[in-house]
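Provided herewith is a single structure, encoded as structure tokens, for subsequent inquiry.
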Amino acid sequence: MLNNPLDFEKDIAELDALIAELKQMGRDPSVRADAAQKGIDIEARIAEVEAAREERLRQIFANLTPWNQVQMARHPQRPYTLDYIRMLCDDFFELYGDRINADDPAIVGGLARFQGRPVVVLGHQKGRDLKERQQRNFGSARPAGFRKALRLMKLAEKFRKPLIIFVDTPAAEANLMAEEEGISTTIAVNLREMIMLRVPIVVAVIGEGGSGGALGIAVGDRVLMLEHAIYSVIPPEGCAAILWKDRNRAAEAAEALKLTARHALEFGLVDAIVPEPIGGAHRDPQAMAATLKAAIAEHLSALLALSPDALTQARYAKFRQMGRWQELPAVHPEVEALET
Amino acid sequence: MARGGWFRRPLRNGNRPAPVPGDLWTKCPRCGEISFTRDLERNLKVCPKCGYHHKLTARERIQMTVDPDSFEEIDAGVCSLDPLGFPEYAEKLMRAQQATGLCDAIVTGYARIEGYPLLLAAADFAFMGGSMGGALGEKVVRMMERAVRERLPVVVFTANGGGARMQEGLFSLMQMAKTSAGVALLHREAVPYIVVLTDPTMAGVYASFASLGDIILAEPGATIGFAGRRVGNQDLGVKLPDDFQTAEFQQRCGMVDRVVPRREMRGTLALLLGLLAEERAHAE
Amino acid sequence: MARGGWFRRPLRNGNRPAPVPGDLWTKCPRCGEISFTRDLERNLKVCPKCGYHHKLTARERIQMTVDPDSFEEIDAGVCSLDPLGFPEYAEKLMRAQQATGLCDAIVTGYARIEGYPLLLAAADFAFMGGSMGGALGEKVVRMMERAVRERLPVVVFTANGGGARMQEGLFSLMQMAKTSAGVALLHREAVPYIVVLTDPTMAGVYASFASLGDIILAEPGATIGFAGRRVGNQDLGVKLPDDFQTAEFQQRCGMVDRVVPRREMRGTLALLLGLLAEERAHAE
Amino acid sequence: MLNNPLDFEKDIAELDALIAELKQMGRDPSVRADAAQKGIDIEARIAEVEAAREERLRQIFANLTPWNQVQMARHPQRPYTLDYIRMLCDDFFELYGDRINADDPAIVGGLARFQGRPVVVLGHQKGRDLKERQQRNFGSARPAGFRKALRLMKLAEKFRKPLIIFVDTPAAEANLMAEEEGISTTIAVNLREMIMLRVPIVVAVIGEGGSGGALGIAVGDRVLMLEHAIYSVIPPEGCAAILWKDRNRAAEAAEALKLTARHALEFGLVDAIVPEPIGGAHRDPQAMAATLKAAIAEHLSALLALSPDALTQARYAKFRQMGRWQELPAVHPEVEALET
């Protein structure tokens, strides 16, 4: 049962409450006896409600709007990077610091084993409770975070360890200090360096793929998206504010931005969607982790077959072809002159 | 979007339509000084009173910077699409094309500066705030790949206040990776890459190819930063410096090598191109 | 300086002379707690009351860290000289050698940690503050070159409060470049290099090989910094943080990966050696 | 004539004053007439005093103590890095910033031409007047300065430009902020990176070679020292404080530290001494610049003949052999046991 259900999760929460109530009744001998006398089969009733719950869940999640997807991606009970690292990896040894001036807790990472193989893992880390959320700046990385990420990537490259990267951030930090420390430059350097990194990189967008703050650690050979994750050039609220001067029209903006996993896959901008348990990753983190682990393992094993040169060439080609444009025939002034 | 009749004239003369009578005078947005537009243009569009550097169109920038008749445009026909069917984007694009005579927000091509051959790009703020969509990304990368093939240095004048073009959604975000991939090639192949940050350069452009120059120059007073003052998540009670997100601020923070007045830009670029020009490796 | 009779006994048993009766008890310099020296040693010389990590000799450190009987010392005969004829240096050196049974302030050799083979160095603060002279630099570089030849990971325990050894003048300064050159080799050849900063690590050592680890660990509360509090040119009115120049301070500043209690050090190193162990390149 | 003569320069200053006085007399017709009447030849008198001055200068500078050398190296009128860059190079274009968070004016550098050839030049920069001295932190670089220096070195390497580096610093900055920004780490990274840099590096110690702050930009293929420069592991005042708890015994410490150019050359720790005009570089900066330029040119031209691999190998070997030690025969416990 969830503590803070989203609007469209409320029906489920109510059914969950009902099931819990029935189960408690079933554990009370006097209630059971009473029910048996009245010919009520509590177990059957529970099974009925559970079936109804499954049906409703299926119904709701077959019809999520883009805005619902945004809400899902931001769900406060969704598993975060450290949850996945713990569920997917063994021997995780977290590393700290950018070797310049700070450790940014909004990005975490370190050495670990994935299916027995040493890897470097890293990702944005949101906080679970209020205190941790503030400490981790809600997963919005400062320059030190991007520098730490790059340090770990270079460590991976040096020791030929594949990289597994989890993306989950509303955006990069944008306050005065971030500007003074060159948040733009730091992100740009990561983009340039990741393209040429000579080890496999598998990226999983597990929640919010928030613009440059996400991309700054997301230049992967494979970019996977969880079913209910989003990936967007701008938060829908910001987009609405610019387009209609009204942040409350975020739902419309979410629609227009086509920021869901399905769209990103259609556009060829991510490589695969990792399905979530019905109702979302937070309803069954273990199952989610198992699916994600299998997906990462599959992609990683394909990448491990490639030479570093082949990897970087393919990665370059992959990002180089992104975008849509058309090319009009070249304009020759002489021809134009004849036409006029 | 097919090439319409409106498209030909501006492309052919390669510049804006002649100024309407109201454009005879130009008011300085900083000090309010009113100058004859023609005098202002003779002064490289720098306010004679306060030194304010007016925005330039891409073509004005190129004309002011390169040797006469040396510019040879490339990839002029690369145009944006509307891959998301984003509200009003198609119309905005067409209006921008009509207003500027450009296919998109950047012009690229071969040029010479005091004889030094190079590849040059100039962004045009008048085209949807100079924002970066698929066409801009494609043109930038093509230019960089060409620079690697032909071993020509690259000079880019940025003026991309909008950063990534949100109307192209995730496609536009990916232009950050795409253009930075281009720079990665230049970097690996040691092709000189000089960036000139002009007013304004923000967000997705500043956080990609614009901040990756071997040498980064900026025009005085240019607005340069990541998130706009209002967009940024400013901590309560933090007083922003007066010059927050200007060229001078960025230089103080170690991001910009030199703030170069427009009058000295051409000479500065020539000096740098000479200093960075390729030599035979010493016995490698 | 010829090897004198005094030199043999301590070298042979590889440890300090037996403790005099007064050493039966040890007082914690932080909390004042008085412990049986033997109990304290069983607790890895960590104060049972406040967790203070007492300084260790190089041999104690090695014994505590490596698999039993796995340590095989190298370059044990490399000794300092007095190239400047510096006042009192020769005497100090001899006293330090007699007191510690070491030729100089660092011990290097082959070892295993939970079976993982490696090259290991441990500095000894008791030898002139662990300061870095020509012998220390030579031993560190030899070990690193050996690590490259034999592709063995390197673990270094620093405890060099004195930094460079001023009695060797400019020679000692150059040990910074020399040891960093060794690290440059390790770095280029991708040989894992783990540094453990222990109390105290300062100045010329911290500003050379000690801060160049791929992974940098530190013991809790260890003093780590550039210039001593009194030496540093502190701006008037600047309040130093309470933990200034400690392991925890350095971690907060991004310089240290993890502060690892002594009890967990061996296991941590084993874990890291396993994670960094060489594999076949994937199809390169 | 100098404004602030050092103690041992005072004789010269007095003779300079006398010469100036005589010359002024010689310009006054009435004084000349008067002198002529008295049979005094002012010109001859000037020549006499000038000869005496030269003789005294030679005498003084043949017998400088190590402490005098320290004073000379710190002389406030000595030419600084920017002076040499201007005198030795053309087309200097200064570059700013470390691309991390600051520009440190205690280290300057940029692109320039040396004998027509593009090079990267950099060095510590002290300030001439009080304001500039403070702004440049007396030539004590902060982490941003060492990072800027490394950025310029990498620029040089990328574009295959030789490096010319001027060293002149009392020490690296050591305050709280320097510590927070990893002054130690920054210096160490420079040492590691300079060893492997694939372009020629000529270093000239032009004034104070102050410990790690100097070495952090001084790992060169050739390290030259001006005749009156010093190079030391610790400032003599600090050494005296440690040894004798008395900073005033700095002169003794200077003696003990053997920090002069002559010693550094004898020790094989620098490659050449560049002679200064009699009385020091500050008495004839142009002549000093000409000598230094010729020395740098000579060493650079030898280095330009080497391949990058040969350069880095030689540089490694050069620093690797520094230091003095002896090696006792290995101690075998069994042998010891027999002896006992």
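Order of writing sets the chain letters: A, B, C and D. Residues in each chain are counted from 1.
Basically, contacts are C-beta pairs under 8 Å (C-beta built on N, C-alpha and C of every residue); 3 or more make two chains touch, one makes a residue touch a chain.
Computed from a predicted model, the values in this text were never measured in an experiment.
With chains reduced to the mean position of their C-alpha atoms, the one farthest from subunit B is C.
Comparing chain pairs C-D and B-D by the number of C-beta pairs in contact, the larger count belongs to C-D. Separating the CA-averaged centres of subunit A and subunit B is a span of 33 Å. Separating the centre of subunit A from that of subunit C, both taken as means of CA atoms, is a distance of 43 Å.
In subunit A, the residues touching two or more other chains are 99-101, 180-182, 185, 189. In subunit B, the residues that touch at least two other chains are 187, 253-255.
If touching chains are joined by edges, the resulting network of the protein chains shown has some other shape, matching none of path, cycle, star or complete graph. Chain pairs that touch one another are A-B, A-C, A-D, B-D, C-D.
Those residues of subunit D whose C-beta lies close enough to touch subunit B in the complex are 91, 93-103, 111-113, 117-118, 144, 148, 155, 158-160, 162, 200, 304-308.
Partner subunit A is touched in their complex by these residues of subunit C: 187, 190, 192, 214-215, 251-258, 268, 271-272, 274-277, 279, 281-284.
Within the complex formed with subunit A, the residues of subunit D that make contact are 99-101, 143, 180-182, 185, 189. Those residues of subunit A that touch subunit B in the complex are listed here as 140, 172-176, 178-185, 187-189, 191-193, 195-196, 211-212, 215-216, 219, 231-234, 238-239, 242-243, 256-259, 263-264, 267, 269, 316, 319-320, 322-331, 333, 336-337, 339-340. Taken together, the subunit C residues at the contact with subunit D in this complex read 1, 3, 8, 11-12, 75-81, 83-84, 86-87, 103, 133-135, 137-138, 141, 164, 166, 168-178, 180-185, 187-188, 203-204, 206-212, 225-227, 231-235, 238, 240-241, 244-245, 249, 253-255.
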